[in-house]
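In this document, chain identifiers A, B, C and D correspond to the written order of the chains, with residue numbering beginning at 1 in each.
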Amino acid sequence: MGPWLKALIFPGFLFLMLVFLMVFYVERKILADAHLRTGPYYVGRWGLLQTLADVFKLLQKEFIIQRRANKLLFSLIPFVAFLMVAILVAFIPFSSSSFIVSTSFDLLIALAIVTSMPPIFFYAGWASKSKYSFIGGLRVVNQMISGEIPLWLSALAAAVFYGTLNHIEIVQDSSWLSFIVLLPAFLIFITATLIVTDRPPFDIPEAEQEVVYGFLTEFGGFNYMILVLSKLIELFGLYGLAVTLFLGGFKGPILPGIVWFLLKIFALYMFTFVVRASTPRIRMDQLLKFCWKALTPLALLNLAFIIFIKMIFA
Amino acid sequence: MLEEIKEKVQSEFGFQSEPYDTNMLLIHGNREKIKDLLEFLKRSGFNYPHTVSVVDWTPKGKDFEVNYIIENIQEKKFVIVRVTLPENDLTVPSVCDIFPSLQPHEREAWEMFGVEFVGNPRLEVMLLPEWAEGTFPLRKSYDFKKHRKEKK
Amino acid sequence: MELGSAFKLPVEATKKVIRVAKALLEPKATEIWWDKEIRREYHYRGKHVIKAELCIGCSLCARACPVNCIEMVPTGVKKPRAVPKVRANECIFCGLCEDACPVKPEKAIKLTDTYTMYVEPGTWDNLAKFVFEPENLQEAIEKAKKMEEMIERKKQEALKKKQKAEKQKKGEE
Amino acid sequence: MDSIAQAGFTFVLEEKKEISGEDLGLLQEKLLQLNWGVQHPASGPMRLKVWVDGDEVVKVDPDIGYVLRLLEKLVEYRTWINAIVNVERACFMDNFGTMTGYSIAAEKIAGVEVPKKADYMRTILCEGGRIVSHLVGLGSFVGVLGVHTAMQWALIAREKFLDAFELYSGQRIATASIIPGGVRFEPTGKFIEKMTKAIDFLEKEFFPRYEEVFLDNPTLKLRTKGVGVVPKEKAIELGLAGPPLRASGVTSDIRKDYPYAAYGELDFNVVTREEGDAYARYCVIFEELKESAKIIRQAIEGFPEGEYRTKFPVKVPPGEAYVNVEWARGCFGFHLISDGGTGPYRLKMGAPSFANLWAIPEMMKGIKLADVPVIFASLYMCHGDIDR
């Protein structure tokens, strides 16, 4: 397949759509299991088409822009957000051959894109000119910036350990030893991912009970769908990054690489959903303390540890 | 406990009182001394006010009654202080500086019956919609069908 | 947050996460009811059944109704003089009319376990037609009429007999 | 004392500068008024006007009346018996408590003695109602922190009780099953069996599962401990009622203090906590569930034989009564007055949630915005009860 076809079909657009649908479905089903409920049941076999039905419902909805809102930004932001995260996914190797782009600065670019997300979400909140959205936008900046430092530091640990920024090379270099050595970095990375993508228990910007739906409050219909989609794909991309860096990517016996990759991602998702079902949301000041007083020093220590290991073995 | 209160109320304020139920005392007060009486009751341990209950006796040819229901939460005793008000002069001193938590109850009583609690800092509409201010729906004279839409 | 607890907290939280993950394997609480026959319990308060032949027209049910949704419809016969008609869109299915009914042993107005009640199309105008009327009202009225006629006939027969007897008496005298 | 009268309950709205969309950028200079309510995921049918300075709450003012039905007026148009359908609608969560209170008040005026079986039945139903209500309270408390698992688990346990109520009275929520003069239906063996089963489920399945995850939860403790602290004296002064009052260390329980129905013959404890914060209130609700289960078990064991209902006169002699019952949300007072007619002349309902609500402005001063739903949920209020 040529790169264009790839960008459109396999690790590209259509694949992302499918992932989006499946992630929503799986999230609902697993949450329902934790609640001892059934979950989606009627639409399609085992309710598989429920999310598709929801998407079509959202597509039918009216395109509402609030009167006071900044119309250009308001309608542009969702697409910009989606484009950004789609670029993030382009750098992730799903198997030894299925990736869209591969450069020698893969990791750097991916992290740079993640870092540039907060202003976009902030603008989404600011452009809607709603109190709740505005507070949500402020919160999202606050939270993502404090989460990105540990994210960078732990990803940097992996980069230092492997000595390269290319994802394919990183995957090929990985082994059981690298998994064990990078385990603390992995845990920090996952926690930071939850913070950056504001998943529960760190869903402070979207806290329903406080600020309705954060910066998503005023969005509806198609705009809303794209924005939620981009948030989901961001999580997917970051988990892809985690699998690539720490869990050995597409490596695995018997089954093809892509299956191994998706299985690993599924395990991470499982973890996310169960966390969502069991851990209450924490407060903003507590999160900031946690990030700056615990997570960042830990990440720094971990980086020092990795450098130390590297010095011994090199 | 209630006997003591009864005697003291009789000697200090000159108010009649009668046993109301088990653990309960009914004091017939008047509005001039209601504040002193409640202050005295609070000093003697009745510190947990329950509610303000107004009764409209006008169809029976009697006056309005305002009942302050106060509990002694340590000794588990009740006291009901009853003030009778004539219909044309529904004012009573507010006791929300003695029992701050009675403030919303007084507000509700004002809203529903039109009993004016002088000194209550916030006699605004609370439960009713704003257009209904001054209709006093819990009075017996309130016509329920007045606000009903006519059938076509 | 203390610094020590900041490190302890994730560990503690992880324990709870694992405990909730156990719930994934537990049996579901959702019961699949749509292919089962639904059995309502003995006291279930559903649709009214009004038996005109039992009703004595005392209008106690109308008086007991807290929302005044029972109307006594005159029948034109003496017994029952009127039968209840329930406006179902106002009814709150409290069952107090059933309690009030003095007919024994079987009550004339009764709440049954029928719970499917609907009007089509469910417009506001149609809701006014959504009423529970007595079963077999015409039959009951006819029966009552016959009874009345019979009673009347019997009365007249009795009267005639009386008159005859009186005549006989007079004749004897 | 002054501080409450002037700042807690009375707002002089000097800072009524509302922020329009255009000057959102100048947030630092002004207060932002958030409407926490009416159409809001956690508020229910009421509104809290929350003035925030950044993330800090400056002051709060409740705006109520969205579910006003004027029940106190409606009761005056009813007969003694059918007034229960209005009384039970004070709150749909625990309707047995209100019906019991009204019935006891009516019986006191009429001088009717209730058979013992009815008393026991009332006790069972009241405690069932308390369990049903507390389960939702627990669930919604954890729900405002963004976890819906607790609510779902609680609803599963609640369903068993609702089934039992349906079997007894024919309806799940608006049961209308307690009337002046006793209870409406014969308590059958089937009902007792189903109730026992429900309690078995509660004690054997729900409590262990719930306690392990959501009572001893580190994140939950982090969020709720030390939030909305009300000391003992302050709780009495604010007029808190029910679980929030007991969580502040005040031993006040009508069931123990002025026993009604069959509570005088049963053995149970009054649950209190000393801390007075949101977590303590949550714990009190949970512990009370256990006590309620205990009470129902005892009542079922000592269930007497005999009549379940006596005749209640159509016309009640003139008189009045003030009766308190320990409702799920606290002490519910009924000031019932009869003028010798076929229905109540006046009924005043002293609602516990109403008292709790007006403690909010005082409790929510200087907290973070994120704590608003936590304190709100921990006060455990019912909107039907606030507005009546």
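Heads up, the rule we're going with is that a contact is a pair of C-beta atoms (placed from the backbone, for glycine too) under 8 Å apart; a residue touches a chain by one contact, two chains touch by 3 or more.
Everything numeric here is computed off the predicted structure, so don't read it as measured data.
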Between subunit A and subunit B, centroid-to-centroid distance (C-alpha), Å: 61
Where subunit B and subunit D are represented by their mean Cα positions, the distance between them in whole Å: 24
Length of the line joining the C-alpha centres of subunit A and subunit D, rounded to whole Å: 42
Separation of mean Cα positions, subunit D and subunit C [Å, integer]: 32
Where subunit D touches two or more other chains at once, by residue number: 149, 156, 213, 217, 219, 222
Residues of subunit A engaged with two or more neighbouring chains: 34-37, 201, 277-279, 286
Junction residues of subunit C, two or more chains touched: 1, 9, 13, 16, 19-20, 23, 29
Arrangement of touching chains [line / ring / star / complete / other]: other
Pairwise chain contacts, counting only pairs that touch as defined: A-C, A-D, B-D, C-D
Touching residues on subunit D, where the partner in the complex is subunit B: 1-2, 4-6, 8-11, 64-65, 68, 70, 72-73, 77, 108, 236-239, 250, 252, 257-258, 321-322, 324, 331, 333, 335, 337, 339, 345-346, 348, 350, 354-355, 357-359, 387
Of all residues in subunit D, those that touch subunit C in their complex: 78-79, 81-83, 85-86, 149, 156, 159, 166-171, 174, 176, 184-185, 188, 190, 209, 212-213, 217-219, 222
Complex contact set, residues of subunit D against subunit A: 19-22, 24, 27, 32-34, 40-42, 52, 55, 142-149, 152-153, 156, 213, 217, 219-220, 222-223, 368-373
Complex contacts: residues of subunit C adjacent to subunit D: 1, 8-9, 12-13, 16, 19-20, 23, 29, 41-45, 63-67, 92-96, 99, 111
Contact footprint of subunit C on subunit A as seen in their complex: 30, 33-38, 191, 201, 271, 274-275, 277-279, 286, 289-290, 293-294
